[in-house]
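Worksheet: the structure to be examined is printed underneath.
Chain IDs A, B, C and D follow the sequence of writing; residue 1 opens each chain.
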Amino acid sequence: MTESVTLHREETKNVKWVGSRYPRKEDLRFVTGNGMYASDIRIPGLAHVAIARSPYASAKIKGIDKSKALEVPGVVAVFTGEEIVAELDPLPNLLPSPYDKVKDYGIAVDRVRYAGEPIAVVVAESNYAAWDAVEQLEVDYEPLSPVLTAKSGCEKGAPLVHENVPTNVVWQRKFTYGDVDEVFKTADLVVSKKFKWHRFTSAPLEPNVVVVDYDKRHVIFNIWSNNQRPAFNQAAIAKALRIDANRLHFISPDIGGGFGIKNENYPYIILLAVAARRIGRPVRWIETRTEHMVASAHGSEINYEGEMAFSRDGKILGLRAKAYHDEGAYMRREPIAAFNFIRHATLTYTFRNLEMDIYAVVTNKCPVGPNRSYGKMQQGFLVERLLELGAKKLGIDPIEIRLRNFVSSEQMPYETPTGAILDGGDYSRALKKVLENMDYAALVKERDRLRSEGKLAGVGISMGMDACPINFSSNRLINPKSTASGESEAAWVKIDEDGNISAAVGTSPQGHGHETVVSQIVADVLGVHPEQVYALPGFDSWTHPSTPHSGTYASRFAIAGASAVNEAARRVRGKVLRIAAFALKEDVENLELADGSVVSTKGKGKVPLKEVARLAWRDLANLPEDEEPGLYSNVIYKTPFKLPIDSQRGNFSLTYSYSACVVLLEIDPGTGVSRVKRVGIVEDAGNQINPLIVEGQVHGQMGHQLGAALYEDLVYDEAGQLLTATFKDYLAPTASDLPSYETGSIVVPSLFTPLGTRGTGEGGGAPLIACANAMDDALLPLGVEYDSSYLSPIKIRELVKSASGK
Amino acid sequence: MDIEGSFVLQGSPERVYGYLVDPGFIGDHLADVENVEVIDNDNFNVRAKVGIGFMKGKVDFKFHFDEKVAPKSGKLVGNGTGLGSKVDVTILFTLADGGESTTIGWKSHASLSGKIASIAGGALQSVVKKNTQRFIESIKQGIDAELSAAGAAAGRS
Amino acid sequence: MSRIQAIVNGRKVEADVEPRKLLIDFIREDLGLTGPHIGCDTSNCGACTVLYNGRAIKSCTMFAVQADGAEILTIEGVSTDGKLHPLQQAFHENHALQCGYCTPGMIMSSIDLLTRNPNPTEEEIRLGISGNLCRCTGYHNIVKAISSVAKSHIFVSPLKKAKEE
Amino acid sequence: MYPRAFRYERAKSLDHAIELLAKYKEDVRPLAGGMSLIPLAKLRLVSPQCIVDIGRLEELKGIKEQKDFLEIGALTTNTEILESSWLGEKFHLLLDTAKEIGDVQVRNRGTIGGNLAQADSSTDWPATMVALRAKLVSKGPRGEKVHEIDSFYSDQYTTALEADELLTHIRIPKPGSYSAGASHVKLERRKGDYAIGIVSAQLEVDGDGKVTSAGIGIGAVGITAVRGTKVEELLNGKKVDDAVLASVPGAARASLEGSDILSDIKAPAVYRLDVIGTLASRCVGEAYHMAVSRKSARSER
């Protein structure tokens, strides 16, 4: 039944629902408090899990005495790391030899490598009792000196984070494109700067949750979790548990936000599976916020040493950078963030000479993992910040310098030096439109007025780009032994015997509105109203189709998910028409599907969809001879990806959505506190299936990126303790801290996707980078420059004081 | 966190040293102590309430003397567990003979690990600093009192 | 264990609770009302917000035993007669939610806000929901939704309604 | 998070509360609004053996105007204060402060007495009470005590109250005239956070615009709220012009000399001491402006 297909551009007549601002179907259960999240699951006999964690960043575990913990009333069992690992194989990683020997079980055995690393699993009759027992565990540690920065981890003689590999630099590569040395030699201007990309995290409001019930009778693990791509993680989980993957039954119900981090809770799935099997009862673990902050997955932290070469007239000639990535203690998805620069290394610009020297360094900190615009906004920051500094040095307006360097819409599709093929777009139109929407001249006037009042104020501009989804052949550049390539998604559409329409996709949405969008797509193809389509919620591996790439990550739904369901619906439609044609004795070409009926355009009558369904499922003798019964199609959509061009080039994403952002930043010189007074953005997501939802995604990225620029910072002390472990200290902004957003969009359909859509919603960093650029603009009158992605009031106040000599 | 300082006591290094490496004496002068259990000359356990104001919790410390070089130096190492956290302290004393008096130099290194280090943005680090200072002041006064009591007793005899 | 009684969404409930049990755990685990959520440990996120004797409170920052004799309204009790409350309707129409995890608490705080201040400015709306974190929407559409209800004067306190009935 | 187990006692009267506190003296905490105690208990940083719930003591609730002072019951919530708009006439600073506290949920549950007894300098009330020269009334087994705000706090989370004593009322002297100007300025990194600098001021002026009485409280810099003594000295008897305002930051810092300064990642001590000058001069400027305009409005009447 299931076939693999590649689609080409869709030409649908009577498009109605796709493209409309259709309010979401899933809202009804959420606004009434009826959302079903993993922590809402109730199973008889449920036991509760708390995880004991290392207080030290680096230490040897000399012994764990669990006798007192076992005496706590209500305790069911206590499993040390050693006991858990006895039933596990290590989690796979992407690193080439010898660094593939970095052992990761998701729980420490004889050594802890970051503060917060799990060391034992405690099961009890209530969460309260489980935490009582965690407190009674006696662990004998021998503290070791930790490695806390990428730079110090590179030093000779640095303590080893993983003692079984030769250095902490677990992956290093220099990528060179064009003639970098030559352009830097002959350039009219070279600007160099060290930048810090600070550590922050998307911190979805719902922490990680895992519930596992081991069904001994069928030898099945039933796993409810908020993992955002269980089908993707299935292989790694099965391998670690030493079982066949088809013994894992995953359910991801409603997910309370993910942003990438919820790819990363699979080690907990494994720990709970072991515990459930050992005690013979279902177990549930609900992460606390503090645990989420210290031990889930942080965004990347980078020290850049960058330089950019320019010609006198403002053309970018080349970029050269060293990037030291602090990866944290384990390499779960890494070094993908460090490597992700390659997806759109040159952003929206035409320069061809590029050298990126990447160091991926393990440290005794929380592991780095996917976080909205993973590894992509970081490259944007490097390019846009250097470009801004160059413009200032050359005395060229920041708008003008961008216009001079943009890839033009006539050059599309455009192949960048790293082999990315930009899928269309009009960068200068996007920039001009945001300037127009914001009334740029008035904005500058407002900045000057603020300055005249003694405030510091700056206007900042930035482009952002997000390459999505992932062509997994890019892994071959990290590790030549990797055999993956491309990506795919599965969907099915079914019309049952009563004419009810259902659809399911393998993605696991986290607030993206897939039920609505799927309904819109199917409704158009089958000529019904979206309310007549039941799109299955969440993800259940027994009811939803999937492929090893399934899930919601890397902004892939509008490309892979939408295309798969679109094709499945088209195939069902084809069959409906064929059966109707047979019944009406009419040619398929003369039939149309609209308002729930198949109608002959030549006046040969009509058949209700319901009647076609009855024929297809029940009245089989009345079907055409060669027609299989049923109205059901299961499609695996293959995103059209190729292998890498060579060892450092390839098209590793299909679409390249982009945005242009302008920010007016006001800084109180007396306190160093910044506030975004106005912010506008124009994004091109290609064709928008649901502009209401796309706009919501843009708002969301704005909240995250302004939050990251102004409020959110993960800070460790000199012993490797995270000092921002709760929402008291990790400053996720409130509504009062953020402005309203002036959003707009342009639509240049993607050249390569069936629906002309682009992956969007991650943001590519434009708002954050625009804030950093605005800060430089604000500090310009004082003659100082800013060097971090985090606008720290403390640092800014210091700069103001040093500049004014006060 | 590292802090250091020095103070002067009227008495010979030999006499001062005796107090500095006496588990019972030291245990009694640690801040907010609830209970001291002396195991031998080098080892003692202490249960203390650590914190500020009403925000206090029990921490169980294991202390031992490391590197005793009479009457020149001594190192006290303590590892505490409590409040879901670890408190590790090291205090090194060095004694300099000043004839009638002894100058006691001290260097302490303290670290908080786990929950209490992570909560309140590192603000609780200041507690450790305060407690160290209180401890030093307390042993200073304690030894001083003992020395003058002994001196007075000696004077009486 | 302490015996407590309360009126939750108009229904009388009675239970024995351990004194340390938080009100949110009582609501979620004992009463099975899973609309209010837990998103933090430090009373910042407001996902657990319910109306307690008519006022928005964070149910994670109260012991269940304290609620003895109280009237509690959770998101599950906000819509009546099978009709969405105007705020629920406005959140839907304005796309003021994505993952939906903060939404129940956000709506309860909005009820408190509009009950006291039927005509809030944008700044007042933002202040009114500043005890509720949202990580998906960037707040833009939430503010818009609350504002739309205020502007069209369709807000009715669900408490009033519950009392009248 | 999940607190440790404790014994729960619900006080039926003030005397009963004191009896219970005395009974469990070694390890007991009173529970009012719970806005500080419960989060700390959840993190297991505070785990009293017994919690005495005083939340239902009606005798500690409400605001009453007495002859010479305003009396606020310790269990009055921040929302109740904020909604007592009549306070604005003479006690504007109370409204100014109440509206700045936390968020609506915290204001609805949090009580003024609970906050003051918590002794967290980074919260709003202590600095305001210093500015208002409040007296705090407590009751314990040894009877009633009246504490001057200036001697109420000795350290972080540490007050003059014994474990078996309860803060019952706050008495705020009436300003000498209706012309008091007030301002509560605070710096917080994010809305509703613990402050990293608070200045609270109440100024009275005469017909010439000269300051006749100045009350300045500084919070979130020292480990306790501190009186801006030097600022008060600077302002008394003067018209507050730009030159005076320019001296306020120095005077604010000088008032903090000898205090232990708070320090954390949000704001190291150096930063707190630095920005408190900015906040002080803004606060004084605003309070003075209000005092002068109220005075002239009154004389016009």
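The working rule: a contact is a pair of C-beta atoms (placed from the backbone, for glycine too) under 8 Å apart; a residue touches a chain by one contact, two chains touch by 3 or more.
Just so it is clear, the model here is predicted, and its values are computed rather than measured.
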Of A-D and A-C, pair with higher C-beta contact tally: A-C
Chain whose Cα centroid lies nearest the overall Cα centroid: A
Cα centre of chain A to Cα centre of chain C, whole Å, reads 30
Compute the distance, rounded to whole Å, between the mean C-alpha positions of chain A and chain D. 45
Geometric centre distance via CA averages, chain D-chain B, whole Å: 37
Taking the mean of the CA coordinates per chain, how far is chain B from chain C in Å? 52
Multi-chain contacts in chain B: which residues touch at least two other chains? 84, 115, 119-122
Can you pull out the residues of chain C that are in contact with at least two other chains? 18, 20, 41-42, 44, 127, 130-132
For chain D, give me the residues that contact two or more of the other chains. 1-5, 43-44, 103, 191-192, 264-266
Listing every touching pair of chains gives A-B, A-C, A-D, B-D, C-D
Over in the complex, which chain D residues touch chain B? Could you list them? 29, 40, 43-47, 119, 155-159, 260, 262-266
Give every residue of chain C touching chain A within the complex, in rising order. 18, 20-21, 25, 28, 32-42, 44-45, 47, 74-76, 78-79, 84, 88-89, 91-93, 95, 97-104, 107, 122-123, 125-127, 129-143
Touching chain D in the complex: which residues of chain A? 127-128, 131-132, 135, 288, 290, 668, 670-673, 711, 715, 723-724, 726, 728-729, 731, 733-734, 736-737, 793-794, 797, 801
Looking at the complex, which residues from chain C come into contact with chain D? 2, 18-20, 22, 41-44, 46, 49, 52, 55-58, 60-63, 65-66, 109, 112-113, 116, 127-128, 130-132
Any idea which chain A residues touch chain C in the complex? 23-24, 26-37, 39-40, 42, 127-128, 202-207, 254-259, 286, 288-290, 510-513, 692-693, 695-696, 699-704, 706, 726-728, 732, 734-736, 738, 740-741
